[in-house]
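Starting off with a structure, shown below.
Chains here go by letter, A, B, C, D, E and F, matching the order in which they are written, and residues are numbered from 1 within each.
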Amino acid sequence: MRRRLELIRVARSMLVISAHAADFVWRASGAVALHTGVGGEAAVVSLSYGERGESGSLWRRPGQTIEAVRRIRREEAEAAASILGAAFIPLDLGDYPLAVDEEASGRLVEIFIETAPDILLIHAPEDPFNPDHPVASEASRRARLLAMGAGGAPAAFPTIPPPMMYAFEPHQPDLCRFEPDTFLDITPVWAVKEKALQAMGAQAFLREHYTERARQRAFQSRYAGAGSEVEYVEAFQRLTPEMRSAL
Amino acid sequence: MRRRLELIRVARSMLVISAHAADFVWRASGAVALHTGVGGEAAVVSLSYGERGESGSLWRRPGQTIEAVRRIRREEAEAAASILGAAFIPLDLGDYPLAVDEEASGRLVEIFIETAPDILLIHAPEDPFNPDHPVASEASRRARLLAMGAGGAPAAFPTIPPPMMYAFEPHQPDLCRFEPDTFLDITPVWAVKEKALQAMGAQAFLREHYTERARQRAFQSRYAGAGSEVEYVEAFQRLTPEMRSAL
Amino acid sequence: MRRRLELIRVARSMLVISAHAADFVWRASGAVALHTGVGGEAAVVSLSYGERGESGSLWRRPGQTIEAVRRIRREEAEAAASILGAAFIPLDLGDYPLAVDEEASGRLVEIFIETAPDILLIHAPEDPFNPDHPVASEASRRARLLAMGAGGAPAAFPTIPPPMMYAFEPHQPDLCRFEPDTFLDITPVWAVKEKALQAMGAQAFLREHYTERARQRAFQSRYAGAGSEVEYVEAFQRLTPEMRSAL
Amino acid sequence: MRRRLELIRVARSMLVISAHAADFVWRASGAVALHTGVGGEAAVVSLSYGERGESGSLWRRPGQTIEAVRRIRREEAEAAASILGAAFIPLDLGDYPLAVDEEASGRLVEIFIETAPDILLIHAPEDPFNPDHPVASEASRRARLLAMGAGGAPAAFPTIPPPMMYAFEPHQPDLCRFEPDTFLDITPVWAVKEKALQAMGAQAFLREHYTERARQRAFQSRYAGAGSEVEYVEAFQRLTPEMRSAL
Amino acid sequence: MRRRLELIRVARSMLVISAHAADFVWRASGAVALHTGVGGEAAVVSLSYGERGESGSLWRRPGQTIEAVRRIRREEAEAAASILGAAFIPLDLGDYPLAVDEEASGRLVEIFIETAPDILLIHAPEDPFNPDHPVASEASRRARLLAMGAGGAPAAFPTIPPPMMYAFEPHQPDLCRFEPDTFLDITPVWAVKEKALQAMGAQAFLREHYTERARQRAFQSRYAGAGSEVEYVEAFQRLTPEMRSAL
Amino acid sequence: MRRRLELIRVARSMLVISAHAADFVWRASGAVALHTGVGGEAAVVSLSYGERGESGSLWRRPGQTIEAVRRIRREEAEAAASILGAAFIPLDLGDYPLAVDEEASGRLVEIFIETAPDILLIHAPEDPFNPDHPVASEASRRARLLAMGAGGAPAAFPTIPPPMMYAFEPHQPDLCRFEPDTFLDITPVWAVKEKALQAMGAQAFLREHYTERARQRAFQSRYAGAGSEVEYVEAFQRLTPEMRSAL
């Protein structure tokens, strides 16, 4: 299809920051798989395991303990990240509520410095349905700025060039002021995303929900020029301006 | 520079819709030159010549007439478009106020059908300092929709695929709620843009103003990852979602 | 379920204003069926038949004519309205583009006076993907105000009390700044809505699309307190304040 | 009047969270009285007594102490809550500035679990004229989410169904981006509200101010269909979608 | 009071544009009286007499005719303007609906050229409760731009310097996204405003309503530094930037 | 020029709160110089020296230490403030990240009480390119409210009348939702501002950048009525309503 941009680029670095262990799998794993599929490096930071508030099926088992849930979630998320070809960096900060103190913030800044990401995927700034997602979003944006310094000039600390930053879509996009402006065709890596979804041990209904979501986004993408060969799409919203050499 | 997207694409079609003859030259001619420079086709629709309200230097001449101004403006704009490698389509609808009636709107839809643009550059939706720019913007967006039909399904009239639509920047961006999200490096075609600016016979101070503007945008682009080799930039705001095969 | 409001009211009047003949069926027919199901009166105004831009399947037939399409669409929409227990009032103003001139506007005001609606369902104010929907929305809101007069005081023309006004959801809600704030449980009338959908002779994929939409809205409604017995939901956005005797 | 919704429901639970002891009396006590008047349960949490910044008349007395002010404010607010038929839960967190630390936040979550409110009334998110109101609003919304869990699925902690959440109106609504969308007719309980106002020992001018405010809101309600029998109104803004079985 | 700006200026020109004959009296006559009181010139354009929709008390009289209402409204408005020391320019364009066609727009531009206003007072851009006010606001802003030309440069028509533009407050400010940012102390001319209100022959309840409004705005002004000597205030919202020689 | 407001006032107090030592010099020193030039008192609070993130040229020197940078920045900022006739109050809270804890907040409130400012200049609320500026803005607004009390009534602590509050412009105004609404003609004090810029030892390119910015703002001011004698302008956005005795 002539309308789609054909992007060719050398391998670059991608960083994804997820409030709970599963968030990135539902909503951004296609982007990760596309990126690593062409030789890019990717790392996923999971601020918490979502062990208290988002591990419903595990808590249904009698005698369940927080340690066991944390371990299982870690194993699942590592498996999912591995399927996607991404490193998995858990920070284990706890959930419901998630808090990112100065020490954790410092660790996050270090990860920015170490990975020097070109592409950054984070939670959307607003989510009136989840107490942890905006905290993760704010901490991510702040760490990005601290790792960048004031931009251009030398500083008293190591800095990185500004990563292009996107929000992946919230669970309830139209109640979070999320306005998708970038539709990513993940059809070529759909099989990989499906495996990652399965690795999370997620309830069948959520797998179905996000499979359907990817199809609805593909439907919507026709209005952005996608043809019928586009079957699965992930939606993103740009949070920073993009530098381009062509429109 | 690794951070910039490297875009390779086949030649495509670009359409620019300008309220007055000079608007596109100041704010979008770099984008046009980049596009035609790699073999793309481009057409500029000028809804009016700006003969009444935006031809200041011409009206300083004693004995000036509206016909003469219109002719001079047409010649200048044709020359500028020619330098940029773009077709020039004047609709001569009058300015201050510009009005786009149903006949003119129909002509605009025809132009969309004829040019089937992949990229559409229009005025920003708001401009509290200019009576004609929002009229041009609204007419452009409406014609695009009418030329697209309801999207995907057959209709009783010919349709085109949805063009990716950008607003070029207003004269006073921060008073028009214009939020640039796309910085286009026009350094490679700056010499061409300068020639186009000169062709407009514009006052020196406006040429200086927009030269300085392009430098300030380049300065700003460092925060979007541009290096020091980026000297001139045009800023745009996306008005439609973009279909991508990679972030 | 204790959380849901239990509303008991005498039969009232509902008015729905649809740009094209099918719009109200996809997105508001559950609300109409619920309303008429308890004895309320309902009327649907269809500003156009959508004969040019939204009758895709009909235009695939060889030798198709505009008159035939108009007639078929009218019959289908009348059938759908009849299934819902609503009157059908076609204004036949044409589509792509839809225009509501002063005469049509006057007719719309008359319909407001005649039906004196308590509940008004219209298109959302914004829709960057459809040229006719915002025109229909604006015309609807204007006619409502003209029919109301200045509020409270006598006027030189007959007036009605202010109808409570809702927008039904656009085809692409999260790209139209549509923020659903009212989830209507249409599970009890889903069978009726399905029949109305079939009456439109609509393509199978659109029926599936809106069936899935109703299920996704039900899923979303759990966050507004809906239980698992809520299977199908239509989403609306209130455009006027609501007078209440209890929260 | 046929236009008003007639709501009949079983007794439910209402929770009001007030930054200072008097805030809920001025702006939400009518809603509380209506609720308890039909058998509903209500509890008012007062995060502080407003002892430092909002006890003007008390600080005019010579020799006044912070302990005495705190005690008087507590007694007054308890009396007001008692008149309204609501429990009063002071958290005594201090005012100007009010801070809600993790311990206080945990207490607030417990109160949500204990009261399992159907209706939640809180401060509006923005108030550029008061340092404590946005803090109270944010803490209330966060505690609500923490008490809800991720919605639907089991968690490692007890959860409640999502309460319908409203903001009561700020002292200066049109400078706080407060857009009232729900007008509550408190005429039937006006006498109760008047008593509650008097219990606060408030200055005469504030009683007059809010009496006049309730009349102006009633005047405004005519545009939402209220008749002349509606004399006193409290205005609210919905902060969550509402689940309905009829429009 | 030291905090208030002390403005001394030579007499200047003020233009007020009112959709109906009474609008300017309720909401901007204090500003006019202050302006003319120090020697400024003022003109009020009334686009219509409000003869159909806003002359309630007149239409209660049996046998009333549109001509008689128009005449009475004109006389009343002229009397009010005269009390304020302002010229009254009725355009008689009709109301409910008000329409400003190209001829009327041209007349409006001429009035701008003739009066060359320094200060322009118009309706707020949004009013979901009145069909004519946004039409008046849009026509006023457009005429201002047409009279200004492109700003600075000569044009083919006479131009004026840019007037500072304010919106006076709508009837229901907090439902019109009106955010007052300028509080004008009209205490010194309150007696004049009262006379103008009486000249309109307006119903007692509206006079009371706007008297109370002016007192509430004065109350609100304390938060902007007003002392107790400020008893009556009119609120405005700036629609253009202001040029200042001091903050 | 007749159009400009001529303001005459007695000397008043101005407070400027700067996140880093240089911020106020680039963007608000003209306002300070105008204010002190007519006898006003001014104080500049610098929350940090910008020693880590905004002292690029100093960190280029080999063997540089944080103590030395802090000292040099302090001396430069004191010199700049002295040139402007303003007191300089460094709080030395550290930068990248800047944090304002309760103790620092208390100190800030004390400074408000001590200086009782009529005019307050702070950072704009949003800046997606700088981690410290929004922190400084929020801390400034909060301290202002805490110093004001609840407005009008006595409190348990000393209070001040509400200062008029402006945001000075961010480094990248059109990416910070900064909408300038007040253009201040600083031409008369440009020579003073230039000296202050030089005192900061700032890189030549930033001096040039802000000199050009002041010229562009002057250019823009023509649309707000400025004549050609206005050569340098600083732009501000009002954050509080203004009390006026004339428009």
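In the analysis below, a contact is a pair of C-beta atoms (placed from the backbone, for glycine too) under 8 Å apart; a residue touches a chain by one contact, two chains touch by 3 or more.
Predicted model only: the values in this text are computed from it and were never measured.
Chemist: Give me the set of chains touching chain A intersected with the set touching chain D.
Modeler: Both-contact set = C, F.
Chemist: Give me the chains shared as neighbours by chain D and chain E.
Modeler: Expected: C, F.
Chemist: Tell me which chain's centre, taken as the mean of its C-alpha atoms, is farthest from chain D.
Modeler: Between chain D and every other chain, the largest centroid distance is to B.
Chemist: If I rank A-C and C-D by number of C-beta contact pairs, which comes first?
Modeler: C-D
Chemist: If you average the CA atoms of chain B and of chain D, how far apart do the two points sit, in angstrom?
Modeler: Roughly 53 Å, centre to centre.
Chemist: So the centre of each chain is just the mean of its C-alpha atoms; given that, what is the distance between chain A and chain F in Å?
Modeler: Between these chains, centre-to-centre, one finds 38 Å.
Chemist: What is the distance in Å between the mean C-alpha positions of chain E and chain F?
Modeler: The separation of the two C-alpha centroids amounts to 35 Å.
Chemist: On chain B, where are the residues touching two or more other chains?
Modeler: 129, 151-152, 175, 180, 223, 240-241
Chemist: If you connect every pair of chains that touch, what shape comes out? Choose line, ring, star, complete or other.
Modeler: Basically it's none of the tidy shapes, so other.
Chemist: Of all possible chain pairs, which ones touch?
Modeler: Final set of chain pairs in contact is A-B, A-C, A-D, A-F, B-C, B-E, B-F, C-D, C-E, D-E, D-F, E-F.
Chemist: What does chain D use to touch chain F in their complex?
Modeler: Listed in rising order, the residues are 51-57, 59-60, 66, 69, 96-97, 128-131, 175, 203.
Chemist: Considering the complex alone, what residue numbers of chain C touch chain A?
Modeler: Per the touch definition, chain C meets chain A at residues 129, 172-175, 177-180, 209, 212, 216, 219-220, 223.
Chemist: With touch defined as at the start, can you tell me which chain B residues reach chain C in the complex?
Modeler: Within the complex, chain B contacts chain C at residues 102, 105, 141-142, 145-146, 149-157, 239-241.
Chemist: Per the contact definition, I'd like the list of chain F residues that touch chain E in the complex.
Modeler: Checking each residue of chain F against chain E gives 2-10, 12, 14, 31, 34-35, 38, 118-119, 121, 151-152, 161-162, 164, 166, 180-185, 221-226, 230, 236, 238, 240-247.
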